[in-house]
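Pasting the structures here.
One chain, chain A, appears in both complexes that follow, with chain B as partner in the first and chain C in the second.
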Partner chain A sequence: MSVLRTPVLKIAPPYDDDLIRRIEQGFSDRFKTDVCFEVNEDPSLLCGFVAYVNGMVFDASGKTRLTDIKEYLIDSVLVPPTEKEEDDF
Partner chain B sequence: MENINLVDILIYMINFFVTFLLLYLLLYKPISRFLGERRDRTVNTLKEAEETRREAEHILQEAQAELASIGEKSRQLSHETIENAALAAEKIIDNAQDEASAMIVRAREQMEAERQVALERAYSDLVSFAGVLASRVIAREVSIEDNRAVIDHFFEESHTEFNKQKERQS
Partner chain C sequence: MKMRKDISREKLSDFLREKVGAFEFKSSVYYYGIVQSTRDDVVWINGLTGCHYGEILQFEKNVYGLALDLSEDSIGAVLLTAEADVVAGSLVRGTGKVADVCIGDTVLGRVIDPFGRPLDGMPLSAINTRALEQRSPSIIERAPVKRPLETGILAIDSMIPIGRGQRELIIGNRQTGKTSIALAAIRNQVPDDVICIYCAIGQKSATTARIIHELTESGHMENTIVVSSSASDRPAMQYLTPFAGCAIAESFMYKGRDVLIVYDDLSRHAVAYRTMSLLLERPAGREAYPGDIFYLHSRLLERSAQLSPDLGGGSMTALPIVETVGGDISAYIPTNIISITDGQIYLSSDLFFAGMRPAINLGLSVSRIGSNAQRDAIKWIGGRLRLALSQYRELAVFSQFGTKIDAATTQQIHRGERMQEVLKQAQDETYLVSEEAVLLLAISHGVFFGMELSEISQARKELLKYIRKVHPGSLHAIESTGDLSKEEMDTLKKAMDAFLEEYNHAGE
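== the complex of A and B ==
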């Protein structure tokens, strides 16, 4: 088993050691190696975490989800009207 | 035959001629002059009446000609009036059509502008809605269970996706 560069974990409060271990276990299973995070608390994430592992970013934060929802809603409004809608208009 | 005397006969004859002469001079000539003058006056009156009749006929013909001319002028004027009215009506209809087209164009432009305004308003509402949504999410206190649920969901999805990638690669 090779050891990765020190991975970084940004996590929204509240959390406990079990939660950190759950995340480390998940990434260890994924990369087939021990993962030990440098943990940073970040309240701006709202909930969830962002992990930087082996040069990759894993974003499971509520902030990103909300941004995705907002962009989806805006895109759906700004879609040009169909021909039928144009005729009705 | 005893009573017949030549002198008497002569006297009677002279008497008769004298009487005749007197009557001729005193009655016949004035009456005949009077009748002649009367005839002349009648003839003149008839001539004047004839002239008057001719003048009347002439005036009547002129009046009829003038009436016919007036009728023709009236018909012509009526025809011109109808033509002018038709032209005016056509012009009014053209103007109305142009105005209607312009109104339609203006209405379309206004509708397009209102549509843009409505879109901008909807966009603004959506942004504010997203902001409200986010603020409500932030306002609700996130529990450790929420975080655990998010993390479990992430790894479940990640595991599923990872397996699919491996299947594709193999």
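== the complex of A and C ==
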């Protein structure tokens, strides 16, 4: 069930051809086949990239990392503080 | 959690640094799919290799769905929230998780949706979660139902007793007092003894708010969890509501606690599941319900149990509610659930409009295993009362034809009317076991037989007041032992004779 026939790479600027080539090489090694991305620039990612290959998403963007940290901090605040944390405060 | 106003900037920054330092980056690799088409809360998806049945799917803009149809070339999912943001071509992500709900003591006293999100406007800090779908306890993990769960309703506790771990259906037309019985059972539980869970499935929000208000006012909300999906929620949310309540109940049961869970009601649950199934293009069967509608309810109700002592001896007692149309208990869903449960309390519209509250039709009501759990003080008298009332109702119907009736039959009808009158109970009135035993003894001793029907309600209250004043020790003994000894019975009978004399004297 292939979803996107052409692998897509969303990437935050700045980037160059060498970086794209290295990313393609990494995925080619993983999937044991030549991967050639359709590259889309996406500044909303802040940094890093998101690759759509073979029905899978490889999200290495700064935006997702920050969202994960935000959720982690919200969860940390919602959990009642430990005795040590209470004392520290 | 206390609010801290004296936190310095340095301490807050240290706290954040420590937390962020402890954060572990996880690789964000997941399968994705593309929305093929969407209509009426159902989305067909292309892709998503490795998606599991019941997996939560994440659409763009934080819209969530539930994968319920896995076929070779596409996946059918039902949306759990608004569908406006899901369009053909948008991306879908598999979360790898099945639906779960937060559990633990922090959920007590709260109103939550099937995913454990608070609906009462307060933050909820639950740490543990439990998957909504679980296997039911096996045969070896169960123990016989032997402990009573009193509802405080005389007619039920004496003639249709419920045991801890039993599944007792409450069935009847609309507006016959089904929810009132379930709420009375919740109000009758001692907070440290039984945890109560009320699942409002597709109810009007105003109705749920009224029930929460009632429980709060009576001080029982602290011990109760309300899992709610309103009539305006998506069918998928209504479908998940009883499973969420059941998962929470199980978590307490496996900790050795006793839980009472009310599913209000499973007719609406069946309708929500039918809606989903028809939209997913599954074959329709009788009354357009899908073929697995029986399994839907049997797998839910089978999770109620009395666990063996090895597993802590906890229990989950279920009171599912089913609404009938025109009193037809032979419709598809009522017959299914009657066959799954361990008995039913049938509420009749005719009795309700004749002023009988609770409007329990004893002829069609039964408790298949509850009598094993009934307290001895009530068991002995309750069995005879049921027979006497059944005979009275038969004779009462016969006497309506204007036939000439002999003196013995007239007397039996006269007594039956009074017995029925004693069983009438206001919506907010519940009895202790000792009070129920006294009233049953009073019926068998004929205390009310010489009274006018209009007097009985008041006489019943005065009798209990009198016994409480004269023989508090007897009531205490019944409460602690659950039994009524021959000596106590004779003492109480003498006290009842004295009460009757005093009552008649006051009447003159």
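What we mean here is this: the second predicted complex is superposed on the first by the 75 of 89 C-alpha atoms of A that agree within 3 Å, B and C clash if a C-alpha of one lies under 4 Å from a C-alpha of the other, contacts with A are read in each partner's own complex, and residues count from 1 in each chain.
By our rule, a residue touches a chain if its C-beta (ideal position, glycine included) is under 8 Å from a C-beta of that chain, and two chains touch if they have at least 3 such contacts.
Remember, predicted model here, so these are calculated numbers, not experimental data.
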Practice task
Classify the contacts of A:F31 with the two partner chains as first (chain B alone), second (chain C alone), both, or neither.
Solution key: neither
Exercise for the section: Based on the superposed arrangement, let me know which partner A:T64 touches: chain B (first), chain C (second), both, or neither? Expected result: second
Handout entry: Which of chain B and chain C A:Y52 touches, first, second, both or neither
Key = second
Exercise for the section: Would you sort A:P14 into first (chain B), second (chain C), both or neither based on which partner it touches? Expected result: first
Practice task
Figure out whether A:I23 sits in contact with chain B (first) or chain C (second), or with both, or with neither.
Solution key: first
Practice task
Check whether A:I74 is in contact with chain B, with chain C, with both or with neither, and answer first, second, both or neither.
Solution key: first
Practice task
Could you pull out which residues of chain A sit against chain B in one structure and against chain C in the other?
Solution key: 58, 60, 69, 73, 78, 89
Exercise for the section: Using the touch definition up top, name the residues of chain A that touch chain B in the complex. Expected result: 11-16, 19, 22-23, 26, 29-30, 46-49, 58, 60, 62, 66, 69-70, 73-74, 77-78, 89
Handout entry: chain C residues within the chain A interface of the complex
Key = 1, 4, 7, 11, 14-16, 19-20, 23, 25-26, 28-34, 46-49, 73, 91, 93, 123, 125, 127
Fill in the blank from the handout: Note: in the complex, chain A contacts chain C through residues 1-4, 52, 55-60, 64-65, 68-69, 72-73, 76, 78-81, 85, 88-89
Problem - Partner chain A, residues of chain B touching it in the complex - result: 111, 115, 119, 122-123, 126-127, 129-130, 133-134, 137-138, 142-144, 146-148, 150-155, 158-159, 162
